[in-house]
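Below you'll find a set of structures to go through.
In what comes next, chain A is part of two complexes: it sits with chain B in the first one and with chain C in the second one.
Moving on to the complex of A and B:
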């Protein structure tokens, strides 16, 4: 018997700027809040769900079982299993794929994919030399050995190691990587600012329309995405100074995502199971693909989703025109613009092994309710923000409407997925 | 009885009130307690302090607050009344023996609260006198939380036959959780609760009261035990605890908890599960209409 994985709905807490209203909340707190909102929305209190898969990018060592611990704090049955899964900014889209695949294999009837990140409550580690000395001291068998080990601590070892978004192999931050891409693809400042302004405008309109009423629950007194600036404009964005790419750079704080806090969840189920439980489905998960690029050798760090999208569309026999809506995660405005340019580029597409260009996207179909520039981007939560949003948008367009999700991630990774309204 | 009400504009500072409450009272005449109630109106809750309280006691930071947090908010009024010259009950030597609180409906962290505390039911006990500190939290006039903290004032004598205090029985059972309480826990809890009693932080002060080491606040243990079963709690409930034996810091203690027909029962014990430090029972209540 074949199984179909459908998206029943989702829930997230509003996203907030790092150091803002969620500054005191941990990943555990936020993930529990997002789960409890989902549980309340779909009457899952006390129920055993097949599995909850989720994760965080910035994670404390004590949170090795973050998702399971959040399940235990939530209103779900404590018999609900969970696993932590992490793929940088692709985390909760990958978690969605994982849950959908288990449903399609008949291993579970229902599941929740989730992601959370707090840039406010980020772990600060001791320096690597200090860590090694402490480990040696704790393994020492005698006091003398312990003292000898500890005596090797130097003042320079005591500087804490804050988490960074630097690529381990290149030493460049994500913004610095994207600045290289922005330059080599010739992405203009005007286009970036226009995309950022559109993101804010679209998100503001969606909030005004009440679109998020059944996708978001308030937390800590925050009722709406706190980074949203409904009154921003291309003119205001044009006044900002460059943040990446040197003084002549085109990437600013306005057209780059801010460090954010937040959590998001997606409720997936077997189509038949959902029907039996009187849950209406929004969209089915058609297929997904992950790709990677060799950024240590100079490839554009955040363009890995291009190859993933091309391979996925080829496998499904779909062209860009078959998609009613497209969601491209706005790590930076220039990431989206470089992705669109790469889709049109015969050379780039052939270079990553595709048969030809993916095509030109009608921008009216792109990120129609805003994306990460306006909503914020708690790394691991972004996929689980996009999936229910797109599923709901497609459902409103009618059965058979198709949507594409493209999420870039650190490590030169890219995750894409196709949803189809039911 | 209609009580006089003293409305305080903000929570009294605890250290001076606490110091006053230590001053011995004259022993002459029959023991007295203040008859008025102390009230704070429209208190805004401090979310940052709430988050620190949750972290220390094991609660998840939610939009609804733990009922033990509401007790913490009323606590300055307890000290205020006990430090009153009218009171012949001295905080010095008073032992928190039991506590009961009822959550009538979930209380949000953004709600403004009216806190109302008075003393009542001074009654004889074999080792002194028992007195109840009765607290209520209201939102827009609606009672949302009621609390009764019962203290034993040692060395105070009240006329009459000592009331037999019902001793809760503890069935020894191997703990399914062990908590390691660090020596500085009393200091950490002082910073979130405001309770300045040095018996929880100072070895010298603890010795004065006959304990070899500082003891953790009973209300920390209460909160930690409630946090352990938080996700299984009904939305509205009454929780009763008996503080049977202080926990000397540092300590490793055990928790056992079991669902009951009406709610939950839990015990914080020594690590073997035989000697209870705290016995707790939770019974579901119908919510406010």
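Moving on to the complex of A and C:
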């Protein structure tokens, strides 16, 4: 018996700037809130769901079982199993694929994919020397030894070690990596600012239309994505100073995503099971692909989704024209623009093992309700934000409408997926 | 002001208030609880309606003590829980003496949160009979004011065509703690084509939409109806989504983010119900707002926003849900409940717009009820008085204390009191109750 995995819907909390409205909320709190909104929307209170898979990129050691603990705090049946899963910014898209695959294998009837991140509540660790001294002191057998061990603490040891967003192998931050890509692909400042302005404009229009009424549940008094600037413009964005790529850089705070807090969830189910339970499906998960690039050797860190998209489309026998809508995660405006340029580049595509260029995208089909530049980008939550949004958009266009999701991630990773409206 | 409130409600403040003669609020008996003392049945003449209903409800009852001429009036010797007077044969002024003779001993003995219930016929027959039917209302209202310690008096006019089965749910409600804050009221019980169809629990498996469900009275309604078995569709504006989700999850229902004033609100409610393969049994139009100002300061915006949310929205939603063949529309034998207000019935300074909308609700249910009787759909409203909610907590302390005490029970009602009354109207056994507005106000001095 074959099983089809469908997206029933989703729920997220509005995203907010790090250190902003959710400064006091933990990953656990936000994930629980996003789950509870989903549970309420679909009447899942007290129900056992097949599995909940989710994760966070910035994670405290105490959150070793974050998703399971959030399930226990939520209104779901405590009999609902859960697992933590992490793939940098690809986390909740990968979790969606994981749940969809289990459904397709007949292992579960329903499941929830989720992601959460708090850049406000990032884990702060003690420095390595301090850790070694404390270990020695706690192992000391006499008070004298203990005092002697502790006496070696120096003020410099007390500085907390904040989590780094640097690539471990290159020592470059993501922005610095993207600045290299921006330069080598010749992405202009104007194009980046235009893309950022479009993201804000599209998101603002979607909110005004009530598009998010059944996708978002307010949290802590925040009723709308707090990073959204409906009144921004290309002119306003043009006035910002460069943030990455040196004084001549083209990447600014306006065309790069801000550190954000938020959580998102996707409810997936077996198509037949959904029908039996009177849950209407928006779209089916057609296929997915993950790729990686060798960024330590100089490959563009955030262009791994290009290879993933090419391989996936080849496997499915699809071309770019077969997609009614495309969602490319806006890590930076220039990431999206470099991705589109790479899709058009015969050399680049052949270089990553594809048969030829992917093609030129009609921009009218891109990120039509805005993306990470305007919404914000709590790392692990972005995939689970995009999936229900795209599923709803495709469902509106009618059965058979197809959409592509492309998400870049740290470590030179890229996750892409294809959805088709039912 | 908050400091004054703290002092007033401190032990010292309360003991001072007691000595100063400020009435002390009695803790009311609430929920699905019966009077602790015996129920006395006093049939005037030889009617059997109430007796049969009490038997069907499985309640034991006792003979009344009758007042006799003499120095010391006779008594019960112990507290009684309730007296139910079957006055359905009373149609003459002389017969009212029988009512006095059973009420006098009973009023001495009725327990805290006890009940006086008078069951009578609606005005009919000759001039004297009409006068007598109205006299009963005067007696009921006065007894309500004379009773102490949370005891209540209520009057039910039962249509001649109604059977004892038709009055069961009403007696059940009035005797139980569910009617705690309903006092000095009277309403009509008739019969319906479908007849009462009691189930246990009363709302088991029935889908009920509650608008404005995210907090206050709406959240209470959701909880009480869910306790009685209902499947709740909790509706509130998108901005209230977080608390709406909490309510929906608590009662195991579903949340629908929806502004009831949206042009397609009715369609979206029906679609939500139909999509989940459900049939709609009832809707409680609880969503409401206030935009208080004296009429001289009320602009068109304040005027229309209140009328839109409180009245126009339910007109539009009802129209969609009642259209035959609407998937997810209201089923035959269904229920519609609106929320009026004592402010609407009596008028309230600074609330012209609100009073217009809430009095309109009363008018609406009266008009809809006969039109929908053929389909077995009942349409009723409750009119809350002073209820302790977040909204009334914002009224300045002294003013709030006055509002709260100017009723026969000397206290504010709880959101659950409103919810319980709505639950009674939604009960499949209440098929004969339609077109009524029941005040849940502790017999507030305001609002006829």
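Note that in this section the second predicted complex is superposed on the first by the 397 of 422 C-alpha atoms of A that agree within 3 Å, B and C clash if a C-alpha of one lies under 4 Å from a C-alpha of the other, contacts with A are read in each partner's own complex, and residues count from 1 in each chain.
Methods note: contacts are C-beta pairs under 8 Å (C-beta built on N, C-alpha and C of every residue); 3 or more make two chains touch, one makes a residue touch a chain.
Being a predicted model, the structure only gives us computed values, none of them experimental.
*Asks:* Have a look at chain B and chain C on chain A after the superposition and call it: clash or fit.
*Replies:* clash
*Asks:* Could you tell me if A:41 is touching chain B, chain C, both of them or neither one (first, second, both, neither)?
*Replies:* A:41 sits against chain C, while chain B stays out of touch.
*Asks:* For A:117, is the partner it touches chain B (first), chain C (second), both, or none of the two (neither)?
*Replies:* Neither partner.
*Asks:* Contacts for A:261 in the overlay, against chain B (first) and chain C (second): which applies, first, second, both or neither?
*Replies:* neither
*Asks:* Once the structures are superposed on A, label A:75 by its partner contacts, choosing first (chain B), second (chain C), both or neither.
*Replies:* A:75: touches chain B and chain C.
*Asks:* Of chain B and chain C, which one contacts the greater number of residues in chain A?
*Replies:* Of chain B and chain C, the partner in contact with more residues of chain A is C.
*Asks:* Of the partners chain B and chain C, which touch A:213 in the superposed model: first, second, both, neither?
*Replies:* second
*Asks:* Look at A:24 in the shared chain and tell me whether it touches chain B only, chain C only, both, or neither; answer first, second, both or neither.
*Replies:* first
*Asks:* Counting only touches as set out at the top, which of chain B and chain C does A:32 meet: first, second, both, neither?
*Replies:* first
*Asks:* Applying the document's definition of touch, where does A:223 land relative to chain B and chain C: first, second, both, or neither?
*Replies:* The second partner, chain C, only.
*Asks:* Considering only touches as defined above, state whether A:279 meets chain B (first), chain C (second), both or neither.
*Replies:* A:279: touches chain C, not chain B.
*Asks:* Can you tell me which of the listed chain C stretches (6-14, 150-158, 204-212 or 438-446) runs into chain B once everything is aligned on A?
*Replies:* Among 6-14, 150-158, 204-212 or 438-446, the clash with chain B belongs to 6-14.
*Asks:* Find the residues of chain A that appear in the contact set with chain B and again in the contact set with chain C.
*Replies:* The overlap between the chain B and chain C interfaces on chain A comprises residues 33, 36, 75, 218-220.
*Asks:* Show me the residue ranges of chain A that touch chain C in the complex, using the header's touch definition.
*Replies:* The touching residues are 33, 36-37, 39-43, 45-46, 75, 210, 212-214, 216-220, 223, 278-280.
*Asks:* Along chain A, where are the residues that touch chain B in the complex?
*Replies:* Within the complex, chain A touches chain B at residues 24-26, 28-29, 32-33, 36, 72-75, 78, 218-221.
*Asks:* Using the touch rule from the top, collect the residues of chain B that touch chain A in their complex.
*Replies:* Within the complex, chain B contacts chain A at residues 47-48, 51-52, 54-55, 60-63, 109-110, 230-232.
*Asks:* Considering the complex alone, what residue numbers of chain C touch chain A?
*Replies:* 234, 238-242, 244-246, 248-255, 257-258, 275-278
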